[in-house]
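Heads up: the structure comes next, in structure tokens.
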């Protein structure tokens, strides 16, 4: 995939694309059918892995199901019809038992969870790569003096290592939120009672236990957590959104620093390979920072939409709140994956101009040390040679946190 | 186009799709080249309509340009390269003069304006269709008594005609904002000075006048307004966004009424053809209302993103604010077009159960007339037979406004 | 008023404060009572201007009414009770007729409109002051060369006059939207039918005409437009919000430019009186720009909330959508008024360092003229002495627009 | 406090009010001065608890500091000046050492954290009260049959106990996020290096260790976590925001259910004491649900603003991003506290009309059992007597989770 309106979109590949969602929904249906057979609810003859019935990679099936989705309000009805018609040819029992006991929301929610997990897996990898690179930068530049700036003006000295350690801390915070996410299957039937399951299992011993086992069996097959239905309790979704926005927050801050410090008059940082211009041959634009910043500016509103959708739950399935989740979650997830990759590339190629940092620092020293003079006066001593406080200890602490992270994520 | 995550997306067809944007940008480049030749800036030999150089409808060109867009931060650089390489074969002068004097933002902004105008044109048509249908409903049901409801509870009597007139007023308000939109070309060169134009026209009489003429010539060719550059003044964009959100606001209100009143216990309205369920055979869900409501829940955040992008303008081209506009504008525009069409369909198929309205009204009469009794007491008279105030006059005023609209939009 | 959490809040004075809303609601009630008497619906003895019955400026009445507002969901019920109990002592007829025929929403919506109009009046004045100052800046610096910057990097030459003209255009665009706002009274009774009015006027000739006259009479008394009820069509409110956000968009762009260009390494602009630091004696922070930027970052979400509230209209009065409007509208309005005043102060004190602009321009000339060399090559001529294109014509056009504005707003 | 624009605001009392923030900032300054003395950095004579120096409860100090906040961009500079001038009279050493080593952001961030923690403490209490009430409702109504509804239409049978268990699960999810919040002090000095601390401690053994001890000492005094500076890594703030929005999401869903089910035609739930009308004597509006819903509609945009502010961090202190946090955090926090209390009241007073539930269920039985017939057909058996699946097991699981919660929060 790629998107003329969102440069870099191809970095997200097929993550949470239409084909990916279609494939994930088929996986959910297959896991269900398999569990039904294993539990003895459906006959052994209904066993069918549903493989090859749809072609997510080709445009036709996705198009057909997407186009048919409006009539039922979601794409699952058409998917089930299509699966049933195609499997019937080779396995009438499978056609008969397919989807029985599920509701559209089960399939779509579970499919979305599977897709979102794939995105988060990729994002985790990028975050870990960034941790490695940022630890290197913080370590290498632990002693690289530069002007600290507040409200755009020179404040007191810092080191670029400290700045990198700050970026690193933000990335690790984002990682902590991402790794805490849970990935539950949605399995509840029409109104979250699993009534159809018990009805279908009526001939077996303890149908209610069979129903519970079905939920566990499907979740296990998909590598998801087995939980009770959460069809109108959308915290699982909003947490995903919040964690993703937390990532773009952390990257946005990095991008903003790069954009400010790569202004030619400052020149302390530059993107390794700047972007060209359609008309100005000399240009080397900080394109990756610009595009990461773009993501950071737009992600919060997408996260807010997920919360709003959650807040608008009602009844046993919402009349719009649920439907308002899907595209914003997709957009947020893909754009976060893109920004993840762009940030890694940005950091990998980042050039640190320690000489410019030092030159500006030295030229501004009188201002940068103004606070120090006040403190030395107060303490009744001459100003010390340096004015970096515990900077190196703070950097070390960030590096230690990074090392722990990298060991756990090797 | 269709979108598995946004049922009904196919209703927007190719409006503001990747192919449409590509085609629009090519139109902008062609208009510029043509104007250059006509002004005598470029030689007559450079004349080329650029037709057939790219294939927006096929996936390859869009994909290639989209995938290459990241390196320059926007898709124009790749587009120019592609156009130049292809036109060179047949017209070396065209290849040489193509895009000269423009900057990426000129082409992309103008392309977005062209695409947005197409969307708004379609939305206008739908709004007008809705005005016609709503006027019929308001007229037909001017006397259809029903319970007025405030904060979900029975209040005083109204008529369904009054409710339809209220919907109608909202749709007309939305139309007024949409029709007031302006469609300016963006033409300024690298930093909005048109310096390259004057440089290119240096050999002609009054190069500055030539530059002004070029701006007018291009705008005329595209049917857009000629204005001075607005590269960092984004009110044109935010107004489009605000007007589109104004539409979804109006439709959301209609959808909410339909959703509430089509609850089975109320049963005063129903969608003509409700949506089915993947598991419950009896279901006739108010699917269109649900999907329209979905759009209304998500549009405001997209509009806010456009404002934020505008507010984050800086320098002579923003470092992210500009880039943050494109996808949200596309998403908002397409989703508004979808919701426009769905609302028209919803209204066309809407079934009004005047009997249920009347029955509920009559059963609740004691409550619905409670206020009246207080007023009659105060006035020292017996309560009148009706308690509808100026309802019919208000409906008539809305109908008159609708008639004016329909005459102007015939 | 002032707000520890929103520095500068005191610039908004009592605009749309609790006391102002209370006073405005009393004005609405007084206008209604007066119209009832004039129309002969209420007896002449009920005439009472309600003056001095509540003390908006003192904390007690506002507090009492605000604290009581929850029980009815809005502050009007408590206000009516308080007015009635206090007026009874001097005028039992007034107590009897007060508010009869109105509903809470009539009073609150009309009060909000009155308050919002006051805010917009102040904002208009600030915008006009800014137009004057910006015209001076654009004029004075029409020839002040500086580096044009795109994506943070040097692009081609511009003048500071052109930048100021761009700011000016944004401010004029914002003004155009603000001046187009309409200020309607809300007068509809419980469900927008004006049924109570007709009932109360039953003893008069043509009670429906009386009702229409009442609406006109009240609107006239308040200087508002007489319209049909818009209780569930909230475009009037969203337009106010959109126009206000349009203002903060325009100011945000100015603030961003000042913040970037007042970085010490650039030093092309500075706030006349920078802000101090609690610990660094040398600091002169661009405080006003920072606070204006703050407003621009937060306003879009408030505008989005107004749209969402509008979209969530339902029935004849919404169950939360209406209530969700009040505080966001207040916050947006006050913060816009604050930012208006801060932007005026920022511009009034702005120091333009033409020497630094010129020095940077000259030092970067090779890059800034790179495009020009390409164009001259293409045209087969030597590069011209200047590379400013139609800059001065664009500035002149902005100045002409400003002059027209200033004449109309004298 | 109370707010005419936000009925119910007084439920939040002084939580995160101006006076509370002022008091919290004074606590932060006092903790710092105390730590300086204890560490031997400041002389013993500087010991002063700063008590009674400002009067947060009176309007004057808050007003004076708020009004002066604009000049430095935040309220801390004025606070320090005021504290210093007042303490000087009784303790010149305290005046001399006060605030030395801190920066404005240290004091304000720490003050905000203290205030937010107080809010969250109250919200936790309300959530726990809700858990108790919801567990009772779920338990009591485990067998209360009602129609399950999806997309507003009848689906399959559920029990009200299951619905209450769903609400309960949402509330427990919200609690889990709230309880996971961390409360760090912000202590870093001008640019997060703690340079002033080391300078002030230059005469002591191991000044860097002294600096670390100071950070721990202050955090301990305030009951906050000691962390390295997070001045430009705002995940602590966004997590608070996300957790609070998670609460309003959960409550919004409850409110929506109450609003839908208390429509007179449905009548399955009602607020114990409905709200009155200014004109309709019979009205009993679901006011609390309406106001809770209002909060749920507006909270997501406030949470988004906090994320945007975080994403706009830059340098060692942001030029607007930081300032954009304060008021939205306050608004979100107070409104969440209000909604917390309102939701508790709503649930406490909620009346469950089991008879209406049952009557509707029975009347709709044919539809509600349509799915069951399909399943029974498929299983080749007669439909079972019930169609509730594992409803009671799901309710039991929710009750078990609630019991664990209540034991841990006794």
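Letters A, B, C and D mark the chains in the order given here, with residues in each chain numbered from 1 onward.
In this text, a contact is a pair of C-beta atoms (placed from the backbone, for glycine too) under 8 Å apart; a residue touches a chain by one contact, two chains touch by 3 or more.
For clarity, every value in this text was computed on a predicted model and none was experimentally measured.
Undergrad: Have a look at A-B versus B-C and report the one with more C-beta pairs in contact.
TA: So, comparing the two chain pairs, more contacts are at B-C.
Undergrad: Report the chain whose mean Cα position is at the greatest distance from that of chain D.
TA: Using the mean of the C-alpha atoms as each chain's centre, the farthest one from chain D is B.
Undergrad: Measure off the straight-line distance from the CA centroid of chain B to the CA centroid of chain D, and report it in whole Å.
TA: 37
Undergrad: Rounded to the nearest whole Å, what is the centre-to-centre distance of chain B and chain C, using the mean of the C-alpha atoms as each centre?
TA: 25
Undergrad: If you average the Cα atoms of chain A and of chain B to get two centres, how far apart are those centres in Å?
TA: The answer is 30 Å.
Undergrad: Specify, in ascending order, the residues of chain A that touch 2 or more different other chains.
TA: 73, 100-101, 149-152, 155-156, 189-190, 196, 259-260, 275, 277, 279-280, 285-287, 290, 296-297, 301, 304-305, 308, 312, 319, 371
Undergrad: Per the contact definition, I'd like the list of chain D residues that touch chain C in the complex.
TA: 2-11, 18, 21-22, 62-63, 65-67, 69-77, 80, 99-104, 107, 189-190, 196, 255, 259, 275-280, 285-287, 289-294, 296-298, 301-302, 304-305, 308-309, 312, 319-321, 323-324, 326-331, 342
Undergrad: Spell out the part of chain D that touches chain A in their complex, as residue ranges.
TA: Counting only chain D, the residues touching chain A are 73, 96-97, 100-101, 148-152, 155-158, 162-163, 166, 169-170, 173-174, 177, 189-203, 208, 211-212, 228-230, 232-235, 238-239, 242, 245-246, 248-250, 252-253, 256-257, 260, 296-297, 299-301, 303-305, 307-308, 310-319, 371-372, 375-376, 378-379, 381, 383-384, 387-391, 393-394, 397-398.
Undergrad: For chain C, which residues are in contact with chain A within the complex?
TA: For chain C paired with chain A, touching residues are 149-156, 259-260, 262-266, 274-275, 277, 279-287, 290, 301, 304, 308, 360, 364, 366-367, 370-371, 374.
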